[in-house]
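Several structures are given next for inspection.
Common to both upcoming complexes is chain A, partnered first by chain B, then by chain C.
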Partner chain A sequence: MSDQVKKASILIVDDEKGLRIGTQRLLEDEGYEVETADCGEVGIRLGTSKDFDVAVIDLKMPDIDGLEVLKEIKTTFPNTICFIATAYASYDTAIQSTRLGAYSYIPKPFTPEEFIYQIEQGLKQRQLILEALRLKQEREEKLLELASEKSRLNTIIKAISDGVIVINRNEELVYFNYAALRFLNIRDVKIGEKVVEKLPKEISEIIDKIISKEKILLKTYTTQIEILPNNELIIEAACTPVPNPDGSLAGVVIILSNVTQFKKIELIKSQFVSMVAHELKTPLAAVQGFINIILDDSLGVDKEKEKEYLTRSTVRLRSLTDLVNDLLDISRMELKTKHREIENVNIIETIKSTLQFLEFELKKKEIVVDTNIQENLPIIKADVSEITRLFTNLISNAIKYNKESGSIYIIAHQENSYVSIKIRDTGIGMKPEEKDRLFNEFYRAKNEKTRGISGTGLGLSIVKKIVESYYGKIEVESVFGYGTTFTIHLPINQN
Partner chain B sequence: MALIAIIDDDPDILDASSLVLKSKGYDVVTASNPTDGFKIIEERKPNLIILDVMMDEPDDGFFLAQKLRRENIHTPILMYTSVSKAIGMDFNKSEMVPVDDFVEKPISPEQLVAKVETLLNKVGEKI
Partner chain C sequence: MNLADVKKILLVDDDIDLLEQNKMLLEAKGFLVVSAESAEEGFNVFQKEKPDAAIIDLIMEQMDSGFILAYKIKKTAHGKQMPVFILTSATYETGYKFSVSTSEEREWIKCDGILNKPVVVEELLSKLESYEVVPKSN
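Moving on, here comes the complex of A and B:
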């Protein structure tokens, strides 16, 4: 016992002084720490104030009965090993004291060897109890940890925006999160339910394939499914077999992700590419047609006709060049790779120089320009080439879509922290449905009045991109048959 | 000699196609939009129609073809296309697209003449 770090503590409760002192000395010689009580009352006080390893309680004491002391100690410290010491051992008290939690009896009188032996047995028992307690506590802590780990994992899975469904090899639902239900557009599922019938055919076929395989391949099978029509909701399902530790199939985990936006972008991209291809191919086909005719001797085209076809081919090729340039501008603007030279831009000057640039077109159609520009119109900070481009596109549209001898009104003034510029024409105007599509790439209003007006279909989408890149706004009003007004608001305080 | 109607909104294509066919002895009428196209078909009753698929709208060539068939006009139609396949209008001769043949622009004079002759011969056999 002496090599123990902490000495075992023993309480002796006995009204017999000689025995008290005798056992105390005996136990202290063995290396134990001993406290004594000379009556039941003191015994209860000491025994309930500290968790003794062992208590030896005399059964018969003048004040309080030993069984009462036993009961009190056991209530407070159930793990104190209690011995009942008595000369009046009887079957009844043995049963009674055992019921109250006594470990054993020590019949009086006893030899030191007997006594020490009993105490050692008791201490062994105490150690067993404490060890068991420790293990139990450890296990509970582990369980708690496990439970919180599980709930943490649960929280994580619930929080991710992808849908998760786990089924076992019997095709019963083991786990799901709410994103999964949302993506599959199903309301009500229960754990343990045969869920495969509720899943889209594309997924259940993959699951069948995985489950029916003899050897599991750790491979993910993916499929894309249109859950709601008209590309409202498209999900991608990735199904992966989950193996048991022995390599057999435990189930299948299905991860669902919303790919609707990607699909939409893909669609827009491919539509754009088709439109570009069409716009590029149309003039090419015309030019190719003319060249074929000129090269084909059997058609007998005369010199004059030949020259006309070559001239018309040149016009088509020029429009093709314009188109390619516009496309490059749009692409640069979208990629924001265009190098901007921000400087003070005088809007009046820019409009004047644009009108000069378009003088030939204005004269050809005999169009009158009327300007009403506020004096001291604030200077804005911008790239002058972009602002020039903006006015060129808008004013050349106002010419192209104007009637012969029509007018263009340009009104510019400050409106709070914006410079507002109105460009109004007296042209053919637009129908409401044409107005809505106006800023779309390649959109050109097509009707009997626009026939013969050429353009790339990109002018206004470039205008819109420029205006928006300066955090400005563009508005359009139009009356079919009477004319169109574009209003541009550009912020004054530009950095 | 057979009369051929060409309906296309591109005046250069109209002129080039007309020139080729006229030089082979065909008579040609043209229109630059579906409405006028329908009119010349009703009035002139051509033996063959060459129809561009994309005019004012990306598919109004289809609509004109369908309209003609509904009106019980069964004149063979040769359809001009440019990039319709890429747009997803991958078509075959069908109820939806009641035309007799397709040709992708640009087209060489020999190719155009060959297609026209084939279609006209087919009609001839039927009659």
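Moving on, here comes the complex of A and C:
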């Protein structure tokens, strides 16, 4: 007998004291746990308060009939195995007690062996019932788990921002989420519908390819599709075959992601590269043109002209070098935002050294520089090479676009939590439409007054990049024919 | 040789070096050259000079200044009867994808050919020749 059976609990309901005590002792000797009731009332109370494995109920008791006790116990604990013990066995009571759920009869008087045998049979039955119950419960729990697992998966797939579409090998729709419909710009699809015709050609071709393959290749096929024109919605579709456990093709899962932003960045980059290429080619074309003319004997260029053309070629080559340096600066700056060398920068010192650096240009055009810098101007935290670059570009512009014997005014002071630096020139100034495009890459004001001034078209866009990378501001005022003022605000204590 | 036989060519380019070079090349081949340094000036010179052909730089004040000037010229009665060429270093290799090889492109790019910088004079001459714009020596 197993431990479990030995610990089985048994209720004896009998008004006959000798029988009660005798069976209790007998059962306890067998290792059972026994409780007894001396009347029907106590029998009902005990039998409905605890799920006994077995109850043995005397049929004839003075207060309550054994069948009544049976009924009450069975109503509360239908799995308690109940025996009716009686000396007055009759066909009628047998039928009645069976109907009420009794397991069997124990006719009185009985021998201990007979009694124990019956109890053991009853316990076996109880084991079977409990086992079946356990299995049933387990199955129900599993189903519940599966159902909740499915709904959880559903919720997850519905919540992700990528589109998901699953089709079976008959090209019928098995699953989809709403992101998929949004990305494909389709509405109104039904599960089970032949959905392939509604999908973009690029995707349906891949699906055909996957389904028509004899051997399933666990490989993802991707394609990019312009869903809305003018690059408004571009999606990437990744189609992967789904295998059955036996390795045959079950269907195809299609993941759709919105790549519009990436494409836009890509476009901006390629436009920039195109512009760079154009800007590099133009001075080369000019130099090549001069050389071609000098080499062409039929044109008969004289020595003087030849020297002029070579000098002009040198100017173009120098501007080409400047352009390459500016481009390198831009790419260095893009890297530098990651690892800059931040230190205390003294604005006054930086401006002074920049003016020294540009001394030759200043003298050549006889330009006078007038500075008005507040004493004890706060130190700012920045990469000194970037701040130097900023002033070099602005002051060299103020020289280049100035008139002969013109002036440059540099005014610097603290304004709240900013250091403000104004650089004003008495040069050619700008027309309003030129001002608007000033900071665009490769933009150079072109008018009757800018003729002969060389530049890369990148200087001010570099200035703006530097200022903005320190969370600063740049402003420009200009009067065409009279001069331009750039004002820079750099935050103090900015890391 | 009558002076009226000399073919007049309008050159528009905001790059003064390239403008001077092309002017020199064309003059050496026997053309009369009138020039302008901007699209606006180019149109004024066109109206005043009524040239036999125009060669226009694409990227001047704007990315498409050359196209716009060509379009304006082609809208005039005189412009319809003369070839207009766009001159550019913005070629396919540098990422600008256009030509005038399809009828669709001809429809919106109102010009008769694209020329690359620096100009190869033989190429330019054969283009002009195909529109019967030939220098006086021929």
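Rule of thumb we're sticking to: the second predicted complex is superposed on the first by the 325 of 495 C-alpha atoms of A that agree within 3 Å, B and C clash if a C-alpha of one lies under 4 Å from a C-alpha of the other, contacts with A are read in each partner's own complex, and residues count from 1 in each chain.
One rule holds in what follows: contacts are C-beta pairs under 8 Å (C-beta built on N, C-alpha and C of every residue); 3 or more make two chains touch, one makes a residue touch a chain.
These numbers were taken from a predicted model, which means no experiment stands behind them.
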Quick one: is A:286 in contact with chain B, with chain C, with both, or with neither? Answer first, second, both or neither. both
Return first, second, both or neither, reflecting whether A:217 touches chain B, chain C, both chains, or no partner chain. neither
For the overlaid complexes, name the partner, chain B or chain C, with more touching residues on chain A. B
Residues on chain A touched by both chain B and chain C 270-271, 273-274, 277-278, 281-282, 285-286, 288-290, 292-293, 298-299, 312, 316, 446, 451
Taking the complex as given, what residues does chain C use to touch chain A? 14-18, 21-22, 24-25, 28, 37-38, 59-61, 89-90, 93-96, 117-119
Would you tell me which residues of chain A are touching chain B in their complex? 270-271, 273-274, 277-278, 281-282, 284-290, 292-293, 296, 298-301, 309, 312, 316, 446-448, 451
Can you tell me which positions in chain A touch chain C when the two form their complex? 270-271, 273-274, 277-278, 281-282, 285-286, 288-290, 292-293, 298-299, 312, 316, 446, 451-452
Give the list of chain B residues in touch with chain A in this complex. 9-10, 12-13, 16-17, 19-20, 23, 32-33, 54-57, 82-83, 86-88, 105-109
